[in-house]
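Quick one: this structure, given as structure tokens, is what I'll be asking you about.
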Amino acid sequence: MQNSAVLLILLGTPLFAAAVLAFVGDRRFAPEVNIAGSAATFAAGLGLAFEVYKQGSMLAGGNFFFVDAFNVYLAVLTSFVSMTTAIFSRPYMRREREHGRVGHWGMRFYHAMFQLFIFAMLLCLLTNNIGVLWIAMELATLSTVLLVSLYRTPTAIEAAWKYFILCGVGIAQALFGTVLLYFAAERVLGEGGQALLWTNLSLVSDKLEPTILSLAFVFLMVGYGTKVGLVPLHNWLPDAHSEGPTPISAVLSGLLLNIALYALVRCKVLVDGATHSHHAGDIMMGFGILSILVASFSLLRQKDIKRMFSYSSIEHMGIATFAFGLGGPVATFGALLHMLVHSLAKSAIFFTVGHASQMHRTQEMDRIKGLFKGNPLVGWGFMFGAMAIVGMPPFGVFTSEFLILTATMKSAPLMTPFLLLGLGVAFAAIFRKVQTMVAGDVPEYQTPVKAAHVPVMLHMAIVLAIGIYLPDFLNNWFHTAVELIK
Amino acid sequence: MIQLTLTPLNLASFAIILLLAQTAIASILRKNERLMVPVCFALSSAASFAATAAGVWTVGLGSSSSAVMALGLPGLPFHLRLDPLSGYFLGLIGLLSFFVSIYSIGYVKGFIGHRPIARLCIFYGLFIAGMFMVVLADDALFFLISWETMAAASYFLVMFEDERVENRRAAFLYIVVAHVGAVAILLAFGVMAGLATGFDNFSGFTFDAMRQADFPPEWATVAFLLAFFGFGAKAGIVPMHVWLPEAHPVAPSNVSALMSGVMLKTAVYGILRVTFDLIKIIPWWWGALVLALGIISALMGILYAMMEKDLKRLLAYSSVENIGIIMIGVGMAMVFKSFGQGIFAALALIAALYHAVNHAMFKGLLFMGAGAVLHATHERNMEEMGGLIHKMPWTAALFLIGCVSISALPPFNGFVSEWLTFQAFLLSPALPSPLMKLLMPLGAALLALTAALAAACFVKAFGVTFLGNWRGRHRTQVQETCWPIRIAMGMAATSCLLLGILPTVFIDWMDVIAEQLTGGKLATSAGAVGWMWLTPIAPERASYSGLVVFSGILAVYAIVYIILHVNPGKIRRGHVWDCGFEKLTNRMQYNAISFSMPIRRIFGFLFNIKEEVRLVPQQAHSAFPQKLIYSLRIRDRFWNWIYKPVADASFWLSRRVGRLQQGRINTYLIYSFVTIILLLLFVR
Amino acid sequence: MNIQTITQINSFLAAFVLLTAFGMLAQKKINSLIHLFTWQGLFLSINTAIVGYVAGRHHLYISSVLTLALKVILLPYILHLLIARLKIRKDVETIVNIPATMLIGIALVIFSYHLTAPVRELSTFITRSTLAIALATVMIGLLMMITRKHAVTQIIGFLAMENGLFFAATSATYGMPLVVELGVALDVLIAAFIFGMFFFQIHTTFDSLDVDQMARLKEES
Amino acid sequence: MAGFIIEILQIALVIGLAPIFAGWVKMLKCWSQGRSSPSILQPYRNLLKLFSKDIILAENASWIFRFTPYLVFGTGVLVSAIIPLLSTDLPLALTADVIVLVSLFAIARFFTALAGMDIGTAFGGMGSSREMMIASISEPAMLMAIFTVSLSCGSTSLSRIVEVIYSPASVIKPSLAFAFIAFVLITLAETGRVPVDNPATHLELTMVHEAMILEYSGRHLALIEWAGMMKLFLFISLGVALFAPVGIAVSTNPAGIPLAFVYLSLKLGFSGIVIVLIETGLAKMRLFRLTEFLGAAFLMATLGMLSFFMLE
């Protein structure tokens, strides 16, 4: 059972690291421990991916874990981004600590919860049990709630409260949906734990009762959709993503949204199998379009830099949701790719944004200026990140949007004007602000920072590489995943 | 895969690799700018030369070659293809890039010490590489990647002097329009790819698949309109042109030359590629649309240019005009092709292609000249210039050649293409559609108006900038430019002349493109009376010989000069006639605003003009004002008609949408609640 | 006991759960709200035990005990403690007036009944008819959160929702697998810990637990 | 070979006879105004006087100012080699069709305007500005008129047009009539005659063409004046060739040449009378009324074209 061992390391490392960091979180070497833990997790993730690549999808831990092409790539992505975020958080949090924005307990809490959060996300991805999926999702929420309010400012607390309540309510709906799913599954698979295993469910999905499943889907949609940040369930997202420490914003925007979308897609597969209709897809498309439009128009009037990119996350999740809803191989391929590149690009942006706002000691975009001259690597990283995120080639986001848009043109041409409008407005909105921040002379209140350049450059390099060349193994993965989802 | 033999495609790929190497070298050498500038621009001129050679060679061969790169999506690797059409544009882009790269060696040196220029070198290389890749791309994905690389690189070049607000504003406007256009192009390809093979795999995205597909007319129309919108936005066709006079002037002049001279041509290439090569079956009204917009662009472009007093903005608006003229040719080719008149379509197409290369040459030349002037005087406003012909004789002479060429005066190149366009117009009786028959000659009249206005416009541009006396308040030290700049401009001017006097040779060479795209062939009739005379359809129909005109004028000049100088009278210098009023100052000369006044009066209704004359009264005698303050502001009406409403509507909507997020958690909970209820009702 | 009796007891308990939900919707005072919540937890716990007995699912006993410990003892205790510690005012105001809220609540019950009709036809369990009640409880919990402006009442509404979910799990399906139940309980526990922290943070920052003050993050300007 | 002889003959004819024609028009004008006229050969004397004079060059004049007279003269010579005055059998006729012809006039104007700006006075600039404005409307109108003719002849080649119109098969067409009226109006504008410009005035604010060349003197002025006379001559002969080609030798037979010459003289003489009648009958227009005048020409030409498509 070598697979189980890899899995165990993958899940155990962050948990163990969380426990250690809860005690040593404010020591001088804590960031290094954090990085080491995440790196070990990443290594284990790679190992697992390698196994899956060799053998195909597999069950482990007494059917408790299920690894296939769909979730293993997200697991590798999650562990990778969390590793780079840990690298980024080293200078960032150190400076926050020096400036007294975070105290001793805050640091310990921060480090421990960071690792716990990673654990929750990985559990979410790897578990085979839909009930456990829900639990892990809730755990992921809970572990980050207090991180959002880490600075204890009124707005931070407000944001965290909204995050807590709205996601709590949302996720409760998802539990109701899960109960309904279980109810339907029980009639086919019999009682007991087997009925919640996704592997079993997917085999018999066409025997499940369609009416119940469509009811269940509504609740799952609202539940996980809240976590994905789909309009009109999104209201917590800009607050929570902008008020917390930037490393947390990076992982929230870059990873947690993906995980929620993953859960939603898993459920959609079952529902589609049962209902043989396109209802679920239509609902997802509706949410997607609405999210894209509302988010892009909201982008136009942002003043806070992190808030702006939170709205951009909503927009991109809308695109991915829309694409999954659209279905079909090209769109699904595009959606998977989009999740990957958005996650990388968005977290890279948050890294640079973190440094930029530290340099100017504000998150107000009107006061951030002259990044090109002040710190060229941050400035150009930010610029290229923004270019990537708005879908400029040759970055990978363009490739995925290319696939999604062309597929839309074919399958749902009436949607393209809306999609086009949303993308156009988002492009203009983001570029309008970004170029005033990067260009021009250095303002006198700008102070230099020790920036972590490696994570940004690594992310952007990967996004660029994907835009130009998609390696075979990634492609095969995506194709396998597409087969699974289709 | 690419074998290491010398083929046009390999040569072109080599050029691209060289340019990428340039960007790498620029980033390595960024600390040593004195070394970086010559090295980088020498590399890019070598690359451009290679690309030109590849292009010329391909068109000469008349065949196409293709390759597949191991990059891209696995189901959709990057396809490259070099056929005569792309070869033609490759040559065109390469040629001007070659000149401009040489020019840049001298020009960019002027920035050293003022600002870091590594950025300029890096994006300059990427920009040219992007343009090369656009014409080489043979699948939708690679095309768009190249397209946007080109746009992004030029965006950064426009932003080069980024501390100025106008540069940032212009760059922003540019990139937004470019991106929206790119998305439209993307959708057009999406339509075609979907119809070509469906979306079960990626093979439909290759141009080959699209070429072989038959599109239902309504979808073909959708694809065409999207593509035309997208490419038109890039080309600066009215009313999508507003970004162009903003972005082109604020870029460094070598970049302006490339943007106006060749980047706009990539859009022309795109339109030709999509309509003639990919869709192939063209309804006549597409052509009519392109033709109509081309005419409007030509006329509006030159009228706006006429009104400008900023030399580079004037040139940018004139690019709108010239793109309009190219579009007129393209539109006519489409009309003729849709009615199956291959040879006439070939004539119109060749006129368009010819004008494309001509415009590249003279607009590149003019922008280089404007750059040289800017370099010397630090001034873009013509009102502050004058008399530069004495200080910068070389620049003036070369700029004059550009002005004569762009004003479509024989024996230079601009005239040849306009003449061919007129000839195509006069073929309209052959059309079966009575409407087109009637409307096309009217288009010819408007084109004639455009040409005449262009002459007026460039008399103004040259006259105000180089002639007369210095108008500026401050007398700055003006010097002739350095040799690389002069050499580059000289080469461009020479090409203007050669293209003007040897059209048959040139048409003979490029005829294969017209043959492949329209089915008609011109070379046999065009050179019917010999290489010296251009006879596009038949000698008795129309003929022109630039060489004879050129040598005729020269001969008469020489003879008269010699006769008169057998016993020449003396030449004395004297004061000019001042009506007896003795305080003639340099500020009393006609300037750009006063020069264009009569035309402003006539065509005033097309502009948004705010003219204001303010009297500052003298204390003692109110009847004799102390001074007059005159201010004139001319705005593009399209700005208020199209762009401003869009922006306003977006912000209005944005405010509305903002109300969703009003801060109270209870409201947010209501959203969730209502969403659940609605969805439940939906699934029941 | 025969099945009939048990069904009846079950229905009664379901009715009580719904009743307490309505009670909470109408109740203005925080202390009474917590009492009502405790009662609801108790009914839930008993119901779980009975269903476990009837269906012979012994893990439901564990759930029952967990519910008892968590929702009848621990959470009310924590809430009382916090209220005492933070010296929170005893009564709260509602946004919509109470009769209107009740009317909406009744509409929700009817809607839930209508919605779960297909499930009722399918289910063979004795508890099947209680699914509508469970859904109604969830929705009423949500309604309560919408209408209240006090942080503590919102949390109570949230917990009431959780109760409804739990009720759904037991009534519709005879309980979820144990590992899921345990996990849910753990999450509720962590949530309790977190909202406790929050009450302190909010109270120290805003000097009250009125959520109306927390409306700074918005797009309107 | 005969073609080349005719070619040279024709060039010599234009260069030599243009002053006589100018003198003829002047003479007629004086008569019509009841003045006693100078000799018909007076233009020659003027030219001769100018050629022998020294040049006073403006301080600021550059090589463009000195180059322009030669260029203007050169284009005139080139045009005279192309328009079929006597015969259609001109070897150089292939060099240019009607459109090129218009452009050749345009290049002369382009440089004259530049020369006007070169000296750096307000007059020069004013003249250039006005000249270019007038040209920008008259040129399209002229092309429109020419297009009408060439559409009905299926060619823009002048020789070909003459052959077609002259052929026995051709009848009087309404389109040609319209085009003719337009052409007359444009000729007045292009050659700087009265309602548009006054060749005789040197009142600063009303002159157009004269304002541009105000600073010319000596042989430069002589060349420009001469070229101006040639332009008038050529425009008239162009009109004659397009609309009344009677007498032009269409065969290669050199015997037709003398007859053609007689016809040409008669036609030119008559045209001079027409011009003088128009000039005497009209007053010079205000500058901005000119748009109406030229607009009318444009309208006529357009009507001609429309009638070509609708009636023929």
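Assorted remarks:
Going by the order they are written in, the chains are A, B, C and D; count residues from 1 in each one.
Note that in this section a residue touches a chain if its C-beta (ideal position, glycine included) is under 8 Å from a C-beta of that chain, and two chains touch if they have at least 3 such contacts.
No experiment lies behind these values; they were computed from the predicted model shown.
Of all chains in the assembly, none touches chain B and also chain D. In terms of the distance between Cα centroids, chain A is separated most widely from D. Chain B has the Cα centre that lies closest to the mean of all protein Cα atoms in view. Note on chain placement: the centre of chain B and the centre of chain C lie 69 Å apart, centres being C-alpha means.
If you average the CA atoms of chain C and of chain D, the two centres end up 100 Å from each other. For this pair, chain A with chain C, the centres built from the Cα atoms lie 31 Å apart. Measuring from the averaged C-alpha position of chain A to that of chain D gives a distance of 78 Å. Contact with two or more other chains is made by residues 161-162, 165, 169, 173, 215, 238, 298, 301 of chain A.
In chain C, 115, 142, 145, 154, 211, 214-217, 219, 221 are the positions where the chain touches two or more neighbouring chains simultaneously. Contact with two or more other chains is made by residues 657-658, 660-661, 665, 669, 672, 676, 680 of chain B.
Chain pairs that touch one another are A-B, A-C, B-C, B-D. The touching residues of chain D, when paired with chain B in their complex, are 51-60, 62-64, 70-71, 73-75, 77-78, 81, 92, 94-97, 99-100, 103-104, 106-107, 109-110, 113-114, 116-126, 128-130, 132-133, 135-137, 139-140, 143-144, 147, 150-151, 154-157, 160, 204, 214-215, 218-219, 223, 287-288, 291, 298, 301-302, 305-306, 309.
Partner chain A is touched in their complex by these residues of chain C: 57, 115, 118-119, 122-123, 135, 138, 142, 145, 151, 154, 158, 161-162, 165, 168-169, 172-174, 176-180, 183-184, 186-187, 190-191, 194-195, 197-198, 201-202, 205-206, 211, 214-217, 219, 221. Listed in rising order, the residues of chain B touching chain C in the complex are 657-666, 669-670, 672-673, 676-677, 680, 684.
Against chain B, in their complex, chain C makes its touches with residues 95, 111, 115, 139, 142-143, 145-149, 154, 211-212, 214-221. Every residue of chain B that touches chain D in the complex is listed here, in rising order: 386-387, 389-390, 396, 400, 404, 407-410, 415, 419, 422-423, 425-426, 429, 434, 437-438, 441-442, 444-446, 448-449, 451-453, 455-456, 459-460, 462-464, 467-469, 529, 533, 535, 539-545, 548-549, 552-554, 556-557, 560-561, 564, 568-579, 584, 586, 588-591, 594-599, 601-602.
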